[in-house]
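One chain, chain A, links the two complexes that follow: it is found with chain B in the first and with chain C in the second.
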Partner chain A sequence: MSSSAENPTLTAEITKPSTEIATETAQSAKKITLKTSDDQIFEVEESVAMEFATVKSFFEDAPSSTDTVPLPNVPAKPFSQVIEFCKEQIKFKANPDETEKKRSNSEFVKEKTNEDLVEMIPVANYLEIKDLLDVLNQAVADRIQNRSVEYVRSFFGIDNDFTSEEEALLREEHAWAFEDVDED
Partner chain B sequence: MADLSGNKEEKAGEKHGAEPLIPGLPDEVAELCLLYLPYPHQALARSVSSSWNRAITDPAFLVSKRSLSLSLPYMFVLAFHKSTARIQWQALDPRSSRWFVLPPMPCPKTVCPPAFACASLPRQGRLLVLGGMRSDTETSMDSTFIYRSSTNQWSTGPPMLTPRSFFATGNVRGKIVAVGGSGSGTGDAITAVECYSPESGRWGPAAKMRTGLARYDSAVVGNRMYVTEGWTWPFMFSPRAGVYDADRDTWQEMSNGMREGWTGLSVVLDGRLFVISEHGDCPMKVYAPDLDTWEYVGGDRFPREAMQRPFAVNGVEGRVYVVSSGLNVAIGSVYEEADDGGFCVKWQVLVAPKAFQDFAPSNCQVLYA
Partner chain C sequence: MAASICSSFNNDMVIDILARLPVKTLLRFKSVSKPLLSLITNPKFISSHLHQSTKNSSLVFHFSHNEFPVAMLYYTEPTTLHAVHIPSSMKDYSFKPRIHIKGSCGGLLYMELFFGCCVFHYGLWNPATRQFKKIEEPQQCINLLSEGFCHSSKINDYKLVRTGYFLYPATRRTRYDRRRVDSVVRALVFSWKKDSWRTVEDGALLGGSFSDPVTVKGDLYWKVSGERNYLANEELVLAFDSSNDVFRRIELPGLINQSNPSYTTTITEFKGSLGLFVFLEYSTSNSGFDFWVLNESRTGGNIRCCWRRLLTAGTLSKIGRPISAWRCKIILKNLMGENSFFLYDPISREIIDVPILSDDVYDYVETLASVDGTK
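== the complex of A and B ==
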């Protein structure tokens, strides 16, 4: 999907100051440096970065690496939201509480725009964060269910490629379902 | 995977090329969003684009949905208008209490609603409506109508070997068994039994009943289908009954205790047989196989005030669903009491929308959709 060159070695680019520091905790915690597709540098606590299966396997192959990890498919904006989610998630690892986790997850998606959700999905997929992918898919499904077909198309930017005859035929099959949809 | 799509969609596929399901997402990820859509919105979403239609209609979609445990139980209720006898299927999502009206079943216009028998293949999201009676000619029908929840469409299946109305049917280990009923004239009790295999898509004969029954209630527990007339007003004749063993394809007598205590509509939960009694305040009873007796279920009284006859009953995952006239639904959560191991029930009533007030239920089925 990406055409960017994957170069795991340290480059001069990261000497510019980090635009975002993803953690406020003690200096002693080991940090992992990650670079997004739009060349933003993120310093992420190791425990958070290990939530990204893709990054985790990178370090399994090279345990002592201190290199910056390039994330060629990950833009900074959704990535910072993904980090926010994973920071919450690791709290539940030490202290499992399904009810609280559910509440926290629904809180997380509630304040995100439709665009935020759709942008985070490929990031969660690329980084292989299964819990987040489940949460996002459910959130998207929740937002488009009981909506008109037109709403769903504009939600995702999908072109209607049916002929008017084809569409009329499909709508006829379940005309009943259009009686009770939510306002767009 | 798109290669498996039906011929109907192929034309559209060629015309538009392989459009992504959702721009910017790999199709396998986008498909997950579609999988999370609950019934019936999935079927509705087929009109978003031709690639959505293809993905949702693909048989592999249902397999993925099952493997992700995203299929949930819904109650499908066959009801008829009390004055016009117009029939209508609707589905209840018990989690949201929302009802959805299904497209019309492709049956003759003038039918006698309670004459149909219904069964389901719950995990495949398929509903079967069998036989029935035309009210204009008073002849029994041999038809098989199949509803698929994944596409929200009806189709016509292979006809039964015997036209029958007012009979019993059940899903015994994945096969649909049709038992007895009336044939062409009144008093013409059928003893023939037949069996539909969803794999082969064919009806085949099975062992005959010893005697036809005047009316039918039935329940399937394990590999057995229990069929009885049940005790009913005016309580003049002791009910006749029989037990079909599907593994051996034989009929046996029903035990006395079971037959005598079967005083209402049956429902099976986790292999236990319950009845909602027809008499009095509709007490619920459970059959105790070891003692061959029925025991009253403790806990709440049945919410008789909200529930007018006729009833249709089914159950799933520890809950009994009783649908009443006007399609109010009493949901009974059944639990075992810690100390003596007896069963108790806690009732909750879902009041139906006004649009259903003139409808009466004649059957209730559970599908995972």
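== the complex of A and C ==
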């Protein structure tokens, strides 16, 4: 990467006869090293790593860098699941099929536990992966939609700061909204 | 909203998730915690929730019979009707009101309620929060030409517009005398935020026969067939800009006015633009319809309008009159059955029957917005 940046004209001439194939193999071979907050090293294909807007802009600022990219706030467990998602996404970039993409996305979240989703959302947010964040947030919304107040408190780790009088008053105001709620 | 709502996520993530939830769920989640309560009642959140909820619009119907006067049809299951709860505040007389929906915009319904033969009033209804509020009638009496209800997200206000000829008292004794009708058309505009009416004078206002209004991106549009004083027999569109209370006229595509007068036109909202169906009104064989879309571009204070024919639907397997566009489908009124509708997909040419008998149909989205804008 560093040599081609120094002399782009020359590189272009040399690779001319088989441009597309040559650059593709060169790109897919290229790996980027990422280090998670719990000191795990991930070697990720460049095309996958470029799905992470945060990592992409890191390389835009320093295109010739071969350093390991530190990812503070990103633990290894959710990160490996994020990589799994992005690998799938890349397939649809080359071959757009909205129905198949939707099916694949819903398959992806279906297998995940609530804990998985809660751990992945901050990672997707930090790495700025818009599509994944959209899929995860919708999945959480779908899971809590018919749930009780208590379920939501434990889902998000929220403490109840109402007095029992205050809470009773709020519940009374919208009593009908507490009907037909799924069992916890 | 500086306080952190939960330990797992920052507030922006929580907002993004909550904005995807139905109103009923959010009303329940008000009692989760104080920070969540303040978020759910925050006007900014209410706006972003409404914006998100337009992706899941449904249709609302109202019926003449009393059992289930109002029903919803959700886009995700277009064959099942859901009855809508009628708030008790609507029934402030001992007998059930007859409900007439006159407009639906930004999650609120503008409606007329009849109690018995001559007692009636107007109101705003939020079916999602089950709130209803009466609208006080304006002081000024008006010989009504048109009426419309719209929501401007730009200024976050709901507006009710009435155009017509003002009526003035002939003597001090009589309140109003029909003989003293004004000769110019004026408008009365009700603001939800201010909970009051104001008079608007505008050179673009005109008399004639008005279609039902259509709302596009918060603005109102009527199709008008001009009367004697104004553009005799010519059809045009009158638009109302809901953010600054200014009216404007828009010409229809040139060839329609010149061509065979047996053509009928209907306006509709279509993906953020004004759409126009052109079809033969009295044809017994079903000859389909043309569909035009208006492109309005603003440069400075001027608005340039340009019509484009988007689609020509040939013979359909069913005879229907196009009523409006709903997402990528066209709603047609079945001319063979009584008051029933069907959906037509112009791409797949598929026809879906909507198994209902209804007088009117409106696009509807859920909102947390209060029926009282002054709060």
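Just so it is clear, the second predicted complex is superposed on the first by the 156 of 184 C-alpha atoms of A that agree within 3 Å, B and C clash if a C-alpha of one lies under 4 Å from a C-alpha of the other, contacts with A are read in each partner's own complex, and residues count from 1 in each chain.
Here is the rule we use: contacts are C-beta pairs under 8 Å (C-beta built on N, C-alpha and C of every residue); 3 or more make two chains touch, one makes a residue touch a chain.
What you see is a predicted model, and the numbers here were worked out from it, not measured in a lab.
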Should the pairing of chain B and chain C on chain A count as a clash or a fit in the superposition? clash
By the touch definition at the top of the document, which applies to A:Glu167: first (chain B), second (chain C), both, or neither? both
Under the stated touch criterion, which partner chain does A:Ala53 make contact with: chain B (first), chain C (second), both, or neither? neither
Once chain A of both complexes is superposed, is A:Ala62 in touch with chain B (first), chain C (second), both, or neither? neither
Where does A:Val140 make contact in the superposed view: on chain B (first), on chain C (second), on both, or on neither? both
Tell me the contact category for A:Ile90 with respect to chain B and chain C: first, second, both or neither. neither
Starting from the residues of chain A touching chain B, keep only those that also touch chain C in the other complex, and list them. 118, 121-122, 125, 133, 137-138, 140-141, 144-146, 149, 152-153, 156-162, 167, 170-171, 174, 176-178
If we count contacts the way the header does, which residues on chain B are in touch with chain A in the complex? 12, 16, 19, 22-26, 29, 32-38, 40-41, 43-53, 100-103, 152-153
Residue numbers on chain A that touch chain B, as the complex places them: 1, 118, 121-122, 125, 133, 137-138, 140-141, 144-146, 149, 152-153, 156-162, 166-167, 170-171, 173-174, 176-178
Given the complex, residues on chain A that touch chain C span 118, 121-122, 125, 133, 137-138, 140-141, 144-146, 148-149, 152-153, 156-162, 167, 170-171, 174, 176-178, 181
Chain C to chain A touching residues, read off their complex: 5-10, 12-14, 16-18, 20-22, 24-25, 27-37, 85, 130
